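There are two complexes below, and they share chain A, which is joined by chain B in the first and by chain C in the second.
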Partner chain A sequence: MRELLRKPIWPLAALLLLNLAVTPSFFAVHVQDGRLYGSLVDILHNGAPLAITALGMTLVIATRGIDLSVGAVVSIAGAVTCTWIASSPDPASPGAAIAGIGLALGLAVALGAWNGFLVARLGIQPIIATLVLMTAGRGLAQLITDGQIVTVNNATYSGISGSALLTVPVTVLVAAAVYALVALVTRRTALGTLVEAVGINPEASRLAGVRSRTIVWTVYVFAALCAAVAGLMISANVHAADANNAGLWLELDAILAVVIGGTSLAGGRYSIAGTLLGALTIQTLTTTIYSVGIPPEVSLVFKAVVVILVFLAQAPKVRALLARGRRPAGPQPPPPAAPVPGGPVTDVPVEKTGSSR
Partner chain B sequence: MTALVERVRDVRRVPTRFLPVIVTFALFVLMFAGGGLRYDSFASGQVLLNLLIDNAFLVVLAVGMTFVILTGGIDLSVGSVVALSTMVAAALLRAGWPPVVVMLAVLAGGALFGLAMGAVIHYLEIQPFIVTLAGMFLARGLCYVIDLQSISIEDPLFRTIAQTAVPLGEELFLSPAALVALAVVAVAVYVLHMTRFGRTVYAVGGNQQSAMLMGLRVAQARVGVYVISGACSALAGLLFTFYMLSGYSLHAVGMELDAIAAVVIGGTLLTGGSGFVLGSVLGVLVLGTIQTILSFEGTLSSWWSRIVIGLLLLVFVVMQRVLARRGAAR
Partner chain C sequence: MAGSRPLVEMTGISVAFGPVQALEGVDLRLYPGEVHALMGENGAGKSTLIKALTGVHPVDAGQITVQGEPVAFSGPAAAQAAGISTVYQEVNLCPNLSVAENLLLGREPRRAGRIDWRGARRRATEVLGRLHLDLDPSSPLDAHPIAQQQLVAIARAVEVDSRVLVLDEPTSSLDASEVEELFRVVRGLRDDGVAILFVSHFIEQVYEISDRMTVLRNGSRVGEYRTAEISRVQLVSAMVGRELEVLERLDRAPAAPADETESPVLRAVGIGRKGAVEPVDLVVRPGEVVGLAGLLGSGRTELARLLFGADRADHGEIAVDGRVVRIRNPRTAIDAGIAFSSEDRKAGGVVGDLTVRDNIVLAMQASRGWMRRIPGRKQDELARRWIELLDIRPADPDALLRNLSGGNQQKVLLARWLITQPRLLILDEPTRGIDVGAKAQIQALVAEQAGQGTAVVFISAELDEVVRLSDRVLVLRDRKPVAELAGEDVDMDRVMGLIATGGEAGA
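== the complex of A and B ==
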């Protein structure tokens, strides 16, 4: 929570306040047919695929990589599952849905391992290694669906997106579970530190005995798995697989979410809470565009302007310029205390992030 | 046998930096020859020229992208800027502006767009990927602000340029757009290899720190390449307008990927500092040949072109990696 507070929460807060000003009932939440409804629930529900994809992307970026292929994996996952269900002997049975989902997740592991192979084993730049799958992947998805939009009518499959457990939509629960799991595994074990070490200096961490290759493989497989889960949610939501449009530009939104959350594209230190915040900010932005009544034609411009503002405000250079302009009037920051010989070393405050000011 | 060994030695004497371009050229020749063997009337001069005519805008885009990638940057906004240029041109023509002024305005607009992105990237130190991504959203969004519908172009000058065929010899012809593209390539080669700016672009891509310590004009080069890319995108947009004779928000979706793919297939390293404009042109021709073969085959679906481009990217990336390792080992 403390980590969350240090992150740039103001864009999200500003957007929510804007919504509240336009629609006073924006924060209202009510239960209907055993499921929560309301704008905030919608943001969480619709933002779940992006949040999950961005989580996988966070770990990839932390190892100084990038995964451009997640949008293609989203479309492949939906295509495989829907085609499998549609061609099974009983397209409405739970068994067909489960087998299809298993197939999609298995394929995602293979695709992620492929990316990992190119990056970790062959040492190809991540941006270009994943560009291969980004370009070819959507073609593969179209190959699987034969260029058609495959529609399925399977209660189990639509349940991924439509059902609710204890009034909370399953998508939100799944996203929360994945976030909790990753936070636990990377923050309570050494894995998170190892990921950061690989991102900060792959060679040094290899020499220090970190299995950088295995870690890089793992994060790409995990990113593809996350993308596949997101793809299943997206496809289950519309009961169909649209190889052309499912997850289109999702990789860009995911990267934006990660960077808004304060993780540098240069690798190293990463923030899971920040990514969640970034994903919610982007989803809230989309929702705001609809709810405030911004004409759809201006929505992309609005999005671009918000993104530019957020990044300008976060850029260290801009902050430095602003601080310099303000310094004569404002209070001077205290000079760093000189180390006292023999004094308590443990009390020295450690500047954790450059952007936390 | 000895002749073969001799030839292998000859190849090894070629500097490694030329090898990717040579391989791309060989691939292009092979694909074209393959098409010629398989289909009648494929291996004609006009099919070859059609590659240029149908991909003139992509050639111009790839040239601009080469500059950016040589400095180690990337420009994701080019496809959207192409769409915005077609929109602006069509809208201004509809408003009754003289066509020549429209063309100049579009070119200046593209250069300014690039200048703004380059300045943010260099002076505010924000990653090119993010800045040009925002530029991509902005340009595409501005298209929708201008008009949601496709605007067709009735201007006589634009129509004349679109329909003119410049004869070359007996039966061959080129379009004015293709000639413009060739001129752009020539200018780009001159700028990159004969001017101080061009050498600085390579130096910045090789090692920015060293370039700065050497007193080179790093800022000029880093901002300049985005201006060039912006202007090239606007020019490509104009060529695309001649090709389509309309302005539409959904023109050129994903074209930035084609441009990047062409540059990579042409042997330019995405880390910067190594590559040639001619390689990128060959990359575009390879992409064009894939499309042509698919259209000659007729039965193959359009998504095969995406898969083949992906495979080609893979082959070239792996090859570059192997070459780089061999270079490092020596």
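== the complex of A and C ==
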């Protein structure tokens, strides 16, 4: 919790307040048909796939890696499950849904293992290694769905996204459970420390006997698994698999969430709480674009401006500049604003997060 | 040569990093045409003082004057503009660019808005000529050995007509003849009237090159001396500020000669790797310290890495405690009871962004696997005990390792291995680049470990250290073992003779 407070919570707070100013009932939450409704609930519900994907991405980035293929895995997970359900003898049965989900998760493990093989075993640079699956994966998804949008009508499957437990949407519960699990596992075992050690100094870790390869392998498998869970949520939400558009550019949003959360792309120390905050910030931003009524043609520009502001405000040089400006008549004005750390990621995400609306 | 006014005068310099007082009221005077050595243990404040001088750190109190004028540098560029140039320990140049480009990077002569390459080459030739360096300005920098690159760094520093040249550990990766070459250049600059501040851990080199020295200890100045007027023993006690018992204790006779009949901890037969080291036989018994002596590139480090599996041997066999083990990677070596401290502390040991505690338990944790985390209380206990045992400073298990001085980092790395209670401890240059006090502590630790029955393989570029600590010494030369000395035969002259001649004239 203390960790969370040190993270940049103000962009999220500012966005929420902006919404409150425009829509006074923004914070209102009510129960209807045994499920919570309201804008805040929507943010959590719609943000769950991104939050889960970004969590896997956090661990990958902590080992000095990056995983560009998560968007493709999202699309594959939906495609496999929907195609399986649609072609089973009884497309409405819970059994078909469960088997399809199991198949998708199993395939995700295999895809993650493929990424891990390229990175950990063959030593290919992560950005290139995962680019392979980023490109090929979406093609694979289209092969599976035969280029069609596969729709299903299966209550068990839609339940992943549509149902609620004790009024809380299942998506939110699943995301919370995954975060809690990862926080617990990384803290209660030595995994967190060893992941960081590998990210900070791979050679020193190897010489200290750390199984770097296994650890790197594990995080890629975990990232793919997270992406598959996100893919199931997205696909279940629309009762369909859209191989072309599901999870499109999600990898960039996930990377952005990790960076906003304060984890360095150079690897090493990471923050799970920061990533959660980053994911919620991005989702709130997406929601704001609709709720404030920003015209679709400038929505990307609006998003980019907010992202740039967040990074500028976090840049040490800009902070120093602001701090100096507050003091009376400093000696010499420092050189003009510095390049923004995280700059490359600001020409961001393009598209609302998949079909999750 | 001296007698004139100081070119640079720093008075009452204080620098604090948060609650840590790094420097307190330190004075330093640099005279034109003099080499001034800055001496002190790691953590004494040498680096901080240099950074205060060159404008990297702002000073909290005190004054810096250059030729009598008070100055306040806003950064290294401002210091350089005032004629103060610095050459750091690691060569901070671009290996893929040419010598000329490196010399003039950022200040290339221009004509009509474009770089005047002909002028640049002419200027480079001129600067190299001034230092009597015979290098082709258009050759790529990485075509030259590290020593030459160091000289290019110096040439770059004096290209701007520096009046003050700061050399931070310039000799740490050079061999004897390269050091001579460097000193020739330094003397040339000195005779031109440049004031030179020289930082080194090699006491002999300091005596050879410097005219005057300032000794720091714990952030304060102990005193300023003329080199000719202070003995080595006086200097060392000024630096460590305590009687030299630690150093003397090491001069005791080496551990009892190992029992020949006792089964060896390590028996390596014909272990080697193409291009690294030719087949070597090596036996180390419990409680024995075996030194590997040889120059840089003789195969000493290569052999150590093969024994640990850091590189894979392509022939030979290793047995630990009589059992043949296949050492495929560091993990298999660790499982067999071997520990290895790499010569390259920064790349191969230090995990800088983790805490001292995490670093100390890293190897133990790694061998337990990530599932079985060492309980927090146990970690704290281990960290605290070893911090105290090895006198690691600051004594804070939560400090990030990168904030510790080199000597203290080394102690943390040793602690990392000692808590795993290895059967065989391989130490490659454990005392490189660290101060006298920490060095003595580490040497004592090696002797102590051997006393407790650990087998030790000890490597150091400093021969006297190898000779003093080792029961036996394996001499390597040109990637080949040339001789093994034991007992009475282990002495400096003999080892040096073997390294120099390979044994044809020796023994």
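Definition applied: the second predicted complex is superposed on the first by the 318 of 357 C-alpha atoms of A that agree within 3 Å, B and C clash if a C-alpha of one lies under 4 Å from a C-alpha of the other, contacts with A are read in each partner's own complex, and residues count from 1 in each chain.
Assume contacts are C-beta pairs under 8 Å (C-beta built on N, C-alpha and C of every residue); 3 or more make two chains touch, one makes a residue touch a chain.
Remember, predicted model here, so these are calculated numbers, not experimental data.
A.B. asks: Who wins on chain A residues touched, chain B or chain C?
C.D. replies: So, of the two partners, B touches more residues of chain A.
A.B. asks: Considering only touches as defined above, state whether A:V132 meets chain B (first), chain C (second), both or neither.
C.D. replies: Touch status of A:V132: first partner only.
A.B. asks: Touch check for A:L143: first (chain B), second (chain C), both, or neither?
C.D. replies: first
A.B. asks: Looking at A:N201, would you say it contacts chain B, chain C, both, or neither? Reply first, second, both or neither.
C.D. replies: Only chain C; A:N201 stays clear of chain B.
A.B. asks: First (chain B), second (chain C), both or neither: which does A:A13 touch?
C.D. replies: Touch partners of A:A13: none, neither chain B nor chain C.
A.B. asks: Give one of first, second, both or neither to describe whether A:V31 is in contact with chain B, with chain C, with both, or with none.
C.D. replies: In the superposition, A:V31 touches no partner, neither chain B nor chain C.
A.B. asks: List the residues of chain A that touch chain B in one complex and chain C in the other.
C.D. replies: Residues common to the chain A contacts of chain C and of chain B do not exist here, since the sets are disjoint.
A.B. asks: Please output the residues of chain A touching chain B within their complex, sorted ascending.
C.D. replies: Counting only chain A, the residues touching chain B are 66, 118, 122-125, 127-129, 131-140, 142-143, 147, 252, 255-256, 259, 265, 296-305, 307-308, 311-312, 315-318.
A.B. asks: Name, in rising order, each residue of chain A that touches chain C in their complex.
C.D. replies: 188-191, 193-194, 196-197, 200-201, 203-211, 215, 268-269, 332
A.B. asks: Mind pulling up the chain C residues that touch chain A in the complex?
C.D. replies: It is residues 74, 308, 310, 329-331, 334, 340, 342, 347-354, 358, 362-363, 365-374, 416 of chain C that touch chain A.
A.B. asks: Which bits of chain B are touching chain A when the two form their complex?
C.D. replies: Per the touch definition, chain B meets chain A at residues 74, 76, 120, 123-127, 129-131, 133-138, 140-142, 144-145, 148, 257, 260-261, 264, 270-271, 301, 303-307, 309-311, 313-314, 317-318, 321.
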